[in-house]
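What follows is a group of structures, each given as structure tokens.
Two complexes are shown next, each including subunit A; its partner changes from subunit B in the first to subunit C in the second.
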Partner chain A sequence: MLRVIGSKLIRLVPVLFLVSLATFFLVDLIPGDPAANLLGAEGDIDDLEAIRKSLGLHKPITERYGDWLSGAVTGDLGDSLRPPHQPVSDLLQSRAGPTLRLSAMALGMSFSISLFLGVWSAHAAGNRADRMVSGTMFAFISVPTFLAGLVFIFFFVFRESVPRWIWVILVGLVVLRLLYLTVSRWWEDRRDLSGWAGYAVAALVVAGLLFWVFVQWPDFPRTASHRYDDNWREQLRSLFLPALALALSEIAVFTRLLRADMLSTLQEQFVLSSRAKGMPTWRILFRDALRPSSFSLITIAGITLGRLIGGTVIIESIFGLEGLGKLIVAHGVIPKDYTVVQGGVLVLAVGYVLLNAIIDISYQYLDPRIRRGRV
Partner chain B sequence: MSEAAFGTIAQGEPEIRGRVSEPRPIWQAPLLPLGIASIFVGTMVLNDVTAEIRVLLVLVGIAAGYLGLDAVCQRRWGAGFDTSAWLSGFWLVLIGLSAILVQWLPLPESKLVKNALRETPRLRPDLFSGHPLGTNDQGLDILGGVMWGARTSLIISLGAVAIGLVIGGIIGITAGYFRGALDSGVGILADSMLAFPPLILLVAMATVFEQNQWTMALELSLLGIPTYIRLSRANTLTFAQREFVLAAKAMGSDNRRVIFRELMPNVALPMVSYAFLITAVLIVAEASLSFLGVGIKPPEPTWGNMIESGQDGFNFRDHPHMVFVPGIVMFMTVFALNRVGDKARERWDPREAQI
Partner chain C sequence: MRSWLLKLLALLMVFGLVAAACGNDDDDGVTTGPDAPAPADDGDDAPAPEPADDGDDAPAPEPADDDEEEEERTDISAPVEEDEDVEAAVPTEEELAGGCEATVSGTKINYANFSPNANMDPTASSGSLVGGTELVNVWDVLMTFDPDAGQYNGHVAESLTSNDDFTEWTLKIPSGITYGNGDAFVAQDVIDSMKRFLEGRGNGVTNTIAGSVQAINFETTEVLDDNTIIFRLNSPWSTFSLVLGDEAGMVVNPRVIAQLLEEEAANATEEVSAEKLVRDRMAVSPDLVNAASFGPYEVVEVEPNVRTLLRARDNYWGGPVCIEEIEFTFPGSSTANWEAFQAGDYNAAFLRDPRVFAAAREADAVLNTELQNVGGVFLINNGVRGAERIGQDLRIRQAIHHAVDRQLINERAFENTGIVTNALAHEGTLMWSQELQDCADQEPAYDPDAAAALVQEVKDETGWDGSLFFVYTDQDPAPAIGQAFEGMLEAVGFDVSAEYGGITTVLIPRVIIQADYEVSGWGHNMDGAVWVSSLNQNYRSDSRSNRTGFGHPDMDAALTGLYGAGTLEEQRAALANVQCVWKDHLPTMIWSVNEEGLALAPDVRGVQRSMTTLFLFGNAYIEG
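Our next item is the complex of A and B:
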């Protein structure tokens, strides 16, 4: 066990080294002299030399890489070149909050939605409902994130009655189905309370939810501002649309994965014995079968979080969120502030590598086959 | 956007494939003419009714028409007939043809504003007018823009896939065949390439290179190369243990012959079948860059910069077709590529076939 973890950690070192090398030299390729760029067209030639000296540009490139790397290891990524000259690490820290919150919310949404969709469509595998869910998920995978963001802005902000009535129709269909089940079970055997009462309660709950959401329908803002940092309700409201846009393709990925795993779990003997004992369906699905099927879902959820943190740049710029991605583009790439680009890309890439390594290692602990071997 | 996305599309439908399903009942066939009629009414007859009702009619028409077509096709070619995959194939052919033929078509101006000064800006789509898909806020024709955009998208993404296929394929096959230190070195290289958030990496590279079709193809190929390294390596591992490789070695082939004559033809087919899925991802990446304003820039229309030009303020609220027309075309192309790619991979990836 320790040896496996050790070898994985040792493998990290060259990857991290290559990542830092690529980050440094990629940015070094930017055409033009950074110092001249900084000075602008009206600068003095003497100032140019001074700036070059202060940036350390007169040193050979290997030495500059060494300086930058030793700084980066101790958490000093240099100062941004544009005024106000803030330390890059401070900038990154102040912008990490919105990105992390957005990614976490997107992950949570996709997780909870796909849990129900995946379990349900595995239960109803091959039915019309299952085929509809599968088809919809296939379509979701094909929607580019920025397009999803724009579609949500259009419908939730500019034509807000459309999603509201879609909600009523979709959830209304669920309520009708539950009512139908209640009545038909009641008709079969009205003394068998456990047969129909559950459906009746479920229908009531879902109808209540339908009505509550319809009445409470919030105004979604066009731009998700971070002004409401202290008010969690405002924050949920302003992050809802960007998170949903990010979650869309993840919902599809998770649902397909969970459905496939769940289908193979449902073939197992213990599910059969559970059924034979007469356990209610929801209990078999959510108590017995879900846990052994959720393994690869959990693995990919961790990877997804890392991917989301790096991938929010376009959603951040559509919704005007001041996050990491927007920092790198708006303060680094466009004004050619190369310390910001270097620092931001390095932090994101290293974070992604480390997160993946942690997941990889925890896999060793989580894998039931290994656990069984230890007991 | 990355490995995980390919991986899960590649999950496929392993379980109920063996099951023989019933063909869609033939009584649904009349839905086909009904659907076409509904689309027809929605697009041209009710010109004065509000846009929402027309859009609804078209959507209902498309759904009904699809069900009807499905019923007819399944009746004709059996229950296993996959109508949506065939439709996806037709769509891809259409996009490909329009990308090739656009320069010879008599379309209104879709690139230079100075040639479109007489056109009415912000025309709604009307299939039987001079601007079938409408005009944008500067009077440029959207149909023409979409077709030129298809050409740019296809050149960039297919070019990137081709570069990735060749470079990644060769590296992957070599690593998978020789194993050892070379293999672990290549693994570390692929891991480091996958460590960068793709969009951030592309944006950073956009500042380094002058952006045109060819440099963008080169940049995007960096997304494809690590995936192709892993794919070809994994496929090589399965093939390298087969008898025909052993036989070739026993007959005295050197390594180069084994790689190029024995392994390459076998590994090539599954890799090409993945090309559809990777093309889909790269089309989205290219559109994202153009959308952010660091890709192909406006006088040259692309799907990404057309969407960007329509997405601000009142234009978007009151004239959403400037976003939705290129958006729907892009979505359909990506969807079709995923659908066809899924089929191709199912058919040609040996690892999939073994399951």
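Our next item is the complex of A and C:
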């Protein structure tokens, strides 16, 4: 195991070097001058050279890259060019929290919803429910994230009764269906408790959930920018809409992926064998078929998390969240603060490569054949 | 069963959506849009102008004929003093006296910023719009400005009086004020603090106020005792008080600075001075700021360019501070500020877009705002740094004035919610006068035929091909303004090539650094206090901040006249004189007025607006 981890880490070095090299020279190609940002609209042209010198911009690009690289290998990512010239590592640290929470929440939402929908869709493949899920997923995948964010703001913040009543209608229909099943089973054979009691309990639980959510429906904030409260409920409340907007397309991708893999797995001999043995459907689906069907899902989830961490800039801007994406784009790329861009991209690259390494390693636990094959 | 279920589901969803969407009309007028982040505005002289609305709730009529259009313009131009919304938010004397006997626990202002503050050190501030309100509530300020009366009042200062020719100003400060570290505030601190502020310019931090401090002759300025200073100026200046009403009037304890400089001396290099290191430390160290300040609030937490949290100072010299906390954050744009304010996320939100103001007025929001003159202007390159530019030819400047219909820009960019003007002071603002307007109205009016004739004349005479390079920002609403402007110029024979981009990537390099432009979108944002210094900075022939390269002895003389005008009437007459010179030379094209200010929750009272839309919360309170 240590050898595997070691080899993954060694592979990091050339990747990160190339990423930093490419980023540095690409940022230099962006039009503009960081010194102009400091000079400001009222600045005095005579100050420009002094500013450039104080920022080290008078040096050739290769020398600047060398300076940056020599600091980076010792963990010093330099200071931002923009006042008040804070250490880039401090900036990244302060902005990583909101982005990580947002990404994790979006991924958690995507995972939990798509797991249920994907399995259900595969189980009910070809019927109306499956077609409905597929259609909905295509709709989700077609909605750009920024549009989803704006639509959610409109409905959840300014027309909050709409999603609230949609919730009541949708979950209410599930309750009605469960009640219908309870009554019909009870009508068939009221002495067979196992036939109807489960549905009755499920109907009660879902009805309770419906009522609780309806009563507790939170006032979602328009922005997450002033939610610095450590209270986890406040954090959840303020991050819910941006996370949902990010999760929407991921839910669709995950569901489609899982459904396809599940369909294939459900044709396997061991599943037929389980069915022949009379195993309950939920057990076959969730305990036997899900694990071998989750390879693609986990691979994509890892890539998605990496992408989310660096790619939430639009959602962060719409919801006023000061995260990594906004730091790199609004405070790095636009004012051409190359130290912020360099540091941010480097950290993202490390995170991305590490995540993929972890996923590679996790395959060995998911599939014993890989483990044995390596041995 | 499934079919029934699906049909019911569909029916209920449609019904629910329609019912819910129709059911709640409280938030009509809400607009959601992916706004580009607001540019880091430098306060008094901003390159992204936004004309403003004056509070007319009536929907803008379609431009039908000239009479109707004129009528509509008149409505839009109603004086700001008559605006009920504005009056509702102006604190009364009773409110200014304070609304509590001690800080009320749990009260908080969530303040949506125009742009996040980078540094709590006044010497590193880039202007009042960016962080000014945070600063003034921590450092306090020597003078305040009453924008409605046009008067300067002592705030920390007991008094500021001048001699007859406005060359000598006597400042009196009270005894008994102490900084956060216990040091006594004395008169010498004002001088030391101002000198430090002036020296901050060498680091690219500069603005109108910094330029104004240079008017003081520090060699002859005298500190008579711990409470009295006599400022001696290089030349007469009747509105010198403004210098003490902005960052330069925010006194930083010089003893704290001296100690910090001593500590940082060892870390300073040739490229990074100890002063710069001190400023950077101040940006992230609430304790240092609190030790060196005596304002109504202390800094609790600060994250530069993101967030500032202030808490009421226990022993504020001005009495108890009612509101316990103020948290400044930046939702992302004027629209986002307004939406977040409507959603209840904030109880104070800075607004700056006429469309947003129109929505706010429609929603009966309580507003505390001010019109900024010359908010929208097209700079014309008159030959900056001696370069040959076609804009040096007066006929070209006249042609641009003839070619452009200001109201059309308003229509395209702001759906007629903005205010257009051709004058240095718009009707309803403090410095407006009929004489000024008469001169402004003598400027070339919209007449495309006359414009085309002038363009052709210059082409024939000089061989110029009609080309004109236009630069502007790419941030909303600049592209809409620019495209309307370009179209009108093209229609009269100009061959316009345009470049739109970021303020720091295109506008500042093109206009300030390279001076490589013929026409540029810009804004001076002159409120009732800073107009003298702003005009001199931008249009005086020997000013280092003259962006257009325009210079004329008549204009210099007229601008000098602004400094010596004493009473309000004299000041208005002096500005009218500038306008009369302006009409002859047309250095740039003024086209709109900006409105900016706060939307406040109805229970927030006693917020005091000073110059350059600084808001003081020292006497503010939350009703009930």
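The criterion applied here is as follows: the second predicted complex is superposed on the first by the 306 of 375 C-alpha atoms of A that agree within 3 Å, B and C clash if a C-alpha of one lies under 4 Å from a C-alpha of the other, contacts with A are read in each partner's own complex, and residues count from 1 in each chain.
We adopt the following convention: a contact is a pair of C-beta atoms (placed from the backbone, for glycine too) under 8 Å apart; a residue touches a chain by one contact, two chains touch by 3 or more.
Only a predicted model underlies this, so the values are computations on that prediction, with no experimental measurement involved.
Enquirer: Is A:S317 touching the first partner subunit B, the second partner subunit C, both, or neither of them?
Expert: Touch status of A:S317: both partners.
Enquirer: Which partner does A:V341 reach: the first (subunit B), the second (subunit C), both, or neither?
Expert: After superposing on A, A:V341 lies in contact with subunit B but is clear of subunit C.
Enquirer: Just subunit B (first), just subunit C (second), both, or neither: which does A:R82 touch?
Expert: It touches subunit C, and subunit B stays clear.
Enquirer: In the superposed arrangement, does A:F138 touch subunit B (first), subunit C (second), both or neither?
Expert: After superposing on A, A:F138 lies in contact with subunit B but is clear of subunit C.
Enquirer: Of the partners subunit B and subunit C, which touch A:L150 in the superposed model: first, second, both, neither?
Expert: A:L150 sits against subunit B and subunit C alike.
Enquirer: Just checking: does A:F158 make contact with subunit B only, subunit C only, both, or neither of them? Give me first, second, both or neither.
Expert: both
Enquirer: Please write out, lowest number first, the residues of subunit A touched by both subunit B and subunit C across the two complexes.
Expert: 30-31, 146, 150, 153-154, 158, 314, 317-318, 336
Enquirer: In the complex of these two chains, what residues of subunit C are touching subunit A?
Expert: Listed in rising order, the residues of subunit C that touch subunit A are 1-2, 5-6, 8-9, 12-13, 16-17, 19-21, 23-24, 27, 30, 32-34, 37, 40-47, 110, 118-119, 124, 126-127, 201-208, 271-272, 276, 279-280, 282-284, 303-307, 309, 327, 329-332, 336, 339-340, 342-346, 501-509, 512-513, 537, 544-545.
Enquirer: Of all residues in subunit B, which touch subunit A in the complex?
Expert: Those residues of subunit B that touch subunit A are 1-2, 4-5, 8-9, 11, 13-16, 19, 21, 84, 188-189, 191-192, 195-201, 203-208, 280, 284, 287-288, 291-292, 294, 307, 311, 316-317, 320, 323-324, 327, 330-331, 334-335, 338-339.
Enquirer: Considering only the defined contacts, which subunit A positions touch subunit B in the complex?
Expert: 11, 14-15, 18-19, 22, 26-27, 29-31, 125-126, 134-135, 138-139, 141-147, 150-151, 153-154, 158, 249, 253, 256-257, 260, 263-264, 300, 303-304, 307, 309-311, 313-314, 317-318, 325, 328-329, 333, 336, 341, 344-345, 348-350, 352-353
Enquirer: Subunit C touches which residues of subunit A in the complex?
Expert: Its residues touching subunit C are 30-48, 50-51, 53-54, 56, 82-86, 94, 128-129, 132, 146, 150, 153-154, 157-159, 161-162, 164-166, 168-170, 173, 177, 180, 219, 221-223, 225-226, 228, 314, 317-318, 320, 322, 330-331, 334-336.
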